[in-house]
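Listed after this line are the structures, all set down as structure tokens.
Look for subunit A in each of the two complexes below; its partner is subunit B in the first and subunit C in the second.
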Partner chain A sequence: MADYKLLGKNYRTPDLYAKVTGRSKYAEDHRAEGMVFAKLLVSPMPHARVRSADTSAAEALPGVLGVLTPDDLPDEVEAPNEAALTWEPKYEGEPIIAVAAVNEQIASDAIELINLDLEPLPFVLDPLESLRPDSPNARTDGNTTVGREIATIKWSASDLAGLASGEIPMEAEAAAEWSYGDLEAGFAEADVIVEEHSYNQSTSHQPLESRTTMAYWEGGKLYVYPSVQSTARSVGPMARWAGIEPSNVVLINEFTGGGFGGKISGYVHAQIPILLSKKISRPVMMRISRREENAIGRARPGVQARIRLGMRSDGRITALDVHGVGEQGPYGRSGDNMNVAGIGSLCYQPLACRMRGTNVYTNTPPKGPQRAPGGVQSNTMLEPIIQKAAKQLGLDQVEVHKINAPEGQAKFGAPGRDGEQGNVSSAFAREAIDKGAELFNWTERKARSGQRNGSKVTGIGMSLAAYSAGASGVDGLFVLRPDGRLYIQSGVGNLGTGSTFDTMRTAAEGLDMPWDKCEVAWGDSSKHLPWSCSQGGSSTTHAHTRANWAAVEDAVQKIKEIAAGDLGGEADDYEIGGERVYRSGNRSQGLSFARVAQRAIDLGGKFDGHELPEDINGMTTASATALAGQGLMGVAKDNYAEGGRRMSFVAGYAEVEVDIETGNIRLVDYAAGSDAGTILHPKTYGAQIFGGAIQGFSVALSSKWVYDRRWGLAVAKRFYSNRPPGILDVPHEQPMKWANADLPDPFNPLGAKGIGEAAQGAGSASVASAIADALESLGEGNGDFHRTPVTRDMILTKLEQAPIGHDRLTAHV
Partner chain B sequence: MAVIRDVIPQLELFQPSTADDALSLLEEHGSDAWVYAGGLDTLDWFKDRVKRPRVVVDLAAIDSMKQIQATSDGIEIGAMARLIDVVNNAEIRTQFPALAFAAKSAASPQIRNQGTIGGNVSQDTRCWYYRDGWTCYRAGGNICYASPPTAMNREHCILGASRCVAVNPSDTAPVLVALDAEMVVQRGRAERVIPASEFFVGPELDIERMTMLEPGDLLMSIRVPSTWAGARVYFEKVRDRDTWDFPLVNVATAIRESGGTIQDARVVVNGVAPTPVRLTAVENAIRGQARNEDTAMRAGDVSIQGVAPLTHNGFKVNLMRNLVKRSIRDEPMLDV
Partner chain C sequence: MSQEIIEVTEETAQQGVSRRNFIKGAIAASAAVSSTNYLFRSNGGTVLAQTPAAGAVERLITVNVNGRSRRIEVPPMETVATTLRYKLGLTGTKIGCDRAECGACTVLVDGVPHYGCSLLTHSVRGREVTTIEGLEAEDGTLHPMQQAVLEEQGFQCAFCMSGFIMNSVALLNDNQSPTRKQAAEWLSGNLCRCADYDKILTSVMRAAEITRGA
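Let's look at the complex of A and B:
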């Protein structure tokens, strides 16, 4: 690892004091002169058509300023996308009408006065139900998409013949399919074949801050205060929903209370206060309650799958065959179900692989990307199956993972049009596995597997998770001013990961500037921010170290040219350091950065931003133009080579103690080894490893939706009833641990990759495997849950061999 | 009328500073009034506009109801003592550690800092249909949405159903029943003392309330007699998460032993029926027996006689059996 002055060191991010003292302003903390409040009338049914809606009494209520109905929306959205308001709600809680009033109480009272006449329509909650013959569809135009087209797929009675209720026919029609290698030969070569049905439940995102939005219009511009993950990348969508040019949007969002993929570049419901504000000419605040966030706030698609895996006696996985059914909710398109083998083929490199799947529309809240979309489901579903095969062959879990681990620019996933699979930029998965194993003390720890202590039994599990870890092609922008300080522009949203600031330290590192002489502008699109990647898919660390390094190279060249111009010689004769540029070998012959900045203004042109690179994004051009003339500008697009898809790896290790009399599961210990290249900021890195793991623990242990099947309505609507993770569920007797392989990604000038995504699957899959390990020690088949979360009732029912009240893959129980 | 949730409607708020004033207000407003203690149960109802009282009487300013004091025969806990006060009280920790532990097992640290013991025992059921405003029997309707085969009833009752299958969710209630506690209830100037074992009301008696409290009544305090002070009292709660969860099942068992023989016992479970259930058959089965694995096993088996699980809560039968067994077999692990 290179010796950096700033990177790899802990520091205080500039937003920290505001956060811990409560001064940070989140969306609902903002106020504007004359601001009023909006509330939503939402659908009480899972699928209905609004026959009529009489708002006259609501509008007549004193204090009410106006309503917004689907008729007020500019254009009908193209199916299967969703609109902000609809006359045909397709899930309980979908917004139909918004009311603005001087306060929320009056707005709510007004909503109660709306006379809504609904015609109930057929609904479906469980994807498998919609694939059965003569079953209902969630949408009137179909139950899935094939390619880009909405279509209907129904399995036939003969497809289902011979299967138990709720099982998946491996060869029945699927919306999509890919494969590589000779699957038949792979299974023929296997010494053990494990075939299971598995279900990874849908989990809601549950960010602490809901998608509250305030908006007003002034001087032809829209001022919008949302709660989004990305800053630069949310401006365009807001403009689209407002029907204006992005240059007329001012987006202010300095702090965001989490998103986990549910708020990447905004959300369509921001259109409600935007348009309502325009309609009534008043600023409109639309606070979103927890209940509303549960409905409109996105969720991870559940996946129901039939999985067949072959393993050779040496542990090599020879074949993986998956038929995966995804739950989409009523809108959009997701590929989580297809990622079961997509990510599986990366982590475990099966010699042959086939993935078939259908993503099915349901009348449940809309699904979207959630931290490692499909990756978490893949790891959580596949790891207990790999563990089962390894146990049958008497193999060590760590050894099995190392035998199968990807290395170098490993290939994975669906072959492209040319028949070739894509590859990763780098994989040091074995090193990550080793780091974690050492930290966890795997060799000694695995001896505890099945150990009894009264009614308690210990289980040990491990996993290898992978997911995307970087984008490229965005811009870096900063100005070195005559006051000797570096002003760095960050279009990166501040969703709590730290990357808004961590990646900006690249500029300081490259210019050898002390961090206390750097200012970061962020969270307000009027502050002249550059084009940035989306804060999703753990893209930012990789993308913005590249972009800022490109800007550093641009700035360093300009600084040297100024020195050569003023002091003689060629630019290459100079180097920088200690806030100076100086002739190599003679530090006394040089210029301070403050002086260089002044000289840049004197010289103008490219030096102070009056001439800009042609390949930067229009947003960066506009921002750089606004900042021109203030000092020496570093501005560039990242054009570095990519080398493949950037993926990071996390090996998770968990110990659990299961009480067989109560079903209680105690998470005793967790450790993770990672491969995410160079670490920029150990504290925020660790927060991602642990935060992701904790979110994963809830996938394995508690978080789920529960729906009444007769009425199609959610019954678990509150925090306590859908059970997201909490700090008291985290191992506390000993601290969780992490270690990184510290091997730089060769396709990033600083070697950095993102980490947030893969951290979650490592947590969920290692805990799921540990639970299976504990119970399998009590008798063959006792560990066969293949359904998450694994809850108290499931354990007690399994151990008593009692009947359960649903099929093995039934959704939302 | 269209439905909207999460915004409290207009109501008239009274914040009396004496119990007498509170009692006068309750008398004056009768069934229009709602007693507000810590607010943890109340605010959900108000926010969702499912319960819409005209008048709310907030007890927060009545200091006399927050006291915990030793009496000549045990401890008297003001109904407005917070759960955290019960957890931290030295007398309770010494004499009735199981009560302190049960209070500590409730909800989350934040909720224990706000929620009261009076609220904990008086709280309404957490049946998710009822709380979401479905017009079930308990809400004055003529159906139970939680009991049909398609219903989600993993957390509902296996005992004592009578049209309604909701459970009592309190963690302190079973301990108070086991300790022979008494509820001091006042209406106007009249005080009555109700044994904890009779305080809770099942749907067969009145389907629209959980306790004996009626409009005008105020739970003033809870008296815990010294009967079981220092005895072996076991409490255990099984829940889905440690962060904040109601019990799937909890158990409170008080045992007095002499010469290796169980002289007397109280065995109470909650989370399995609309009220905490004192298992007198179990008490009878273990009285006079040695406290050992066999006795514990038999107690567990006796405890589940007559259970009637629903589609998704069969596991509660095993859980209750195992908890009753453990409560007799194992030493109390009261982490306070």
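Let's look at the complex of A and C:
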């Protein structure tokens, strides 16, 4: 690893002091003069048409300032996208009408006075149900999308003939399909073929801060205080929802209380306080309750799949065939189900692979990207199958993963139009597996598999997970001012992952500036921020090290040119260091950065931002123009070579203890080895490894939605019934361990990649694998769950060999 | 659930969904159209100056908040979290679930941690309430737990942070040498959705060290 002064070192992020003292302001902490409150009338049914709505009594209630109905929305949204309010709610809890009043009590009283006449419409909760002949569709215009078009797919009776209930016909019609290699040959070559049905439940995002939003208008400008995962990328959507130009939006969101993919560039429901505040000329705060968040906040699509995997006696995976059905909720589009083989083809490099799938609309809350979309489902569903094949061949799970692991610029996924698969920028998956195995002490631990301690059985499992780890093509922007300080602009957003600030240290590193002389501006679009990636998809670390490095190169060249102009010689005769530019070999002949900044202002033009590169984003141009004349400006678009899709890898290792009397699963230990290139900040890196893993533990152990099937209503809609892991649910007696391969990504000037996504699949899949390992030791087939989360009742039912009461793939039970 | 809200017609009744059955089903599934969860009934407050809600009886009470005696008008059903956030401007206390499930609103009452969302302000009359804003000394010295979080880069989004910190302060008042296991058990009523539990526990251990050293 290169020897950096700042990168790779722990430090305190500049947002932390405000947080520990309670000064940090999240959306609901903002106040505005005359602020009033909005409450929502939401659908009590999973699918209905509003025949009439009488709001007159509500509007007449003293203290009520106005209502917003679907008729007040400017444009009808294009299907299958959702509107902020609708006359045809397609899931329980979907907002229909909003009321603004001087306080929430009056707003709620007013909502009770609205007379709503609803016509119930047919609904469907389980994607497989909607694919059966003569079944209902969640949308009146179809049950899926084929390409960009909304369509209806129904399997025929002959597709299903001969199959038991709850099985997926491998060759039945699918909305999408891709393949590479010779699948038949792959299976012919295999010494073991494992075929299973598997179900990965939909899980809600549940950030601790809901999508509360406050908005007001002043002087033709919209001031909006949302809870989003990007400052730069949320301005455009807010402008669209407000019906104004982005330049008239001021978006303030310095602290976001979690997102996990559910708040990436805003959310359509922000339109409600935006339009209500315009309508009534008062600031409007729309607080979103936990129950509302459970409905309008996003969720990870559930995936039901039939999976066939072939493995040769040497452990090589020869073929992978997947038919995956996704659950979308009623709106939007997701590709999570297609990612089962997409990510599978990366992690396990099968010689031949086919992915067929249909993403089905359901009358459950809308689904969207959640931390490693489709990747978590892929790893969690495939790992127990790989483990089973390895066991049947008498092979070690770690060795099997090393045999199949991607390396270098490995290819993966669906072939493109040219028939060629895409590739990753770098893969050091084997090194990640080795790092984790060493930390976890895999070989010795493995011997504990099946060990009994009273009613408790030990299980040991592992997994290799991968997911996207970086965007590219965004802009870097900073100004070195005559006060000798560096002012770095970040439009990323701030979820507290650290990357907002960690990546800004790239600028300080490149200019050899002490960090205590750097200021970061973030979280407020009026602070002249550059075009940035969203803080989602583990994009930031890679994208903004690149962008800031490009700006560093721009600034260093300008600094040297100023020195050459003032002191003679060529720019190349100079170097920088210690907050100075000086002639190579003669440190005394030079200028301080403070002096350089002043000279940049004197010279103007490109030096102080009066002339800007043509290829930067319009948002960056506007911000740089506003900052021009303040000092020496570094500004550039990231045009570095991409080399492929940035993907990071995490190998997760878990030990569990399953109590066969109570069905309780205790997670004893977890360790992870990773490949995410250069680490910028070890403490925030570790937080991603473990935070991701623990969110994965809830996929494997606790988070699910349960529905009343007759009425289509959710019964698990709060933390206690759809529970994220608590502190006692995770290994806590000793700190958990991680280690990184520390091999730089060759397509990032600093070698950095993101880590948050892959961390989650490693957690869920290794725990699912460890549970299967524990139970398999009690008898063949006992570990065959192929359904997550694995709950106590499932374990006891399995061990008792009792009927489970539903089909193997039934959703939401 | 308000009866005006659903009107079931002939057609829907024929589909087997009668109004009576639908409502029964909805109740069974604990669904409700009402928005009256997670609301606060702020009125006449000093921060928002809202008009009083009909029927609410305000009473002027005294609560000691962060060492200062505060006279506030509070209706009977107002919670401590609401009073702090909307009457006293102390927004460091967060509301994550409003139903005693997540602990984000944890404050100390006479040194004992309580969920501020589930404690009526009238019940803390004359008692001492401490919030995250009250931990810092007048000279800006931070509480060891705040200092430890800064040192360990504890928490991620930090929406749960003030609740965890307040509960940890109570722990350290009770036990200056907790083990990680004891700390985890003490903090088990607080949820961190970013799941930064590892660094949270490390911060508590560090805070205990600072406390013992002081």
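The rule is short, and it goes like this: the second predicted complex is superposed on the first by the 813 of 813 C-alpha atoms of A that agree within 3 Å, B and C clash if a C-alpha of one lies under 4 Å from a C-alpha of the other, contacts with A are read in each partner's own complex, and residues count from 1 in each chain.
The rule is short, and it goes like this: a residue touches a chain if its C-beta (ideal position, glycine included) is under 8 Å from a C-beta of that chain, and two chains touch if they have at least 3 such contacts.
Since the model is a prediction, treat every value here as computed from it, not as a measurement.
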| message | Contact-wise, after the overlay, does A:149 reach subunit B, subunit C, both or neither (first, second, both, neither)? | response | neither
>> So in the superposed three-chain picture, is A:702 touching just subunit B, just subunit C, both, or none of them (first/second/both/neither)?
In response: first
(Q) Tell me the contact category for A:791 with respect to subunit B and subunit C: first, second, both or neither. (A) first
According to the stated criteria, A:218 is in contact with first (subunit B), second (subunit C), both, or neither; which is it? neither
Scan A:76 for contacts with subunit B and subunit C and give back first, second, both or neither. neither
Query: Can A:687 be said to touch subunit B (first), subunit C (second), both, or neither?
result: second
The chain contacting more residues of subunit A, comparing subunit B with subunit C, is C
Which superposed partner A:728 touches (first subunit B, second subunit C, both, neither):
both
Practice prompt. Check the residue A:118 against both partner chains and state whether it touches subunit B (first), subunit C (second), both, or neither.
Written response: second
So, does A:664 touch the first partner subunit B, the second partner subunit C, both, or neither?
first
Going through subunit A, the residues touched by subunit B and also by subunit C turn out to be 39-42, 44, 104-105, 107-109, 111-116, 289-292, 708, 710-711, 715, 717-720, 725-728
The subunit A residues in contact with subunit C across the complex are 10, 12-13, 16-17, 19-26, 28-29, 31, 35, 39-45, 62-63, 92, 102-109, 111-120, 206-209, 255-258, 260, 287, 289-292, 495-498, 681, 683-684, 686-687, 690-691, 693-695, 708, 710-711, 713-715, 717-720, 724-728, 730, 732-736
Touching subunit B in the complex, subunit A uses residues 39-42, 44, 104-105, 107-109, 111-116, 289-292, 455, 661-664, 701-702, 706-711, 715-721, 723, 725-729, 791-794, 796-797, 800, 802-806, 813
Subunit A partner, complex, touching residues on subunit C are 1-2, 4-9, 11-12, 15, 17, 22, 25-26, 28-43, 47-48, 50-51, 53-54, 56, 85, 89-99, 101-102, 104, 131-133, 135-136, 142, 146, 149-153, 155-162, 165, 179-181, 184-185, 187-188, 190-202
Given the complex, residues on subunit B that touch subunit A span 1-10, 44, 49, 108, 128-129, 132, 145, 148, 150-152, 154, 236, 238, 240-246, 248, 311-316, 318-319, 322-323, 325-326
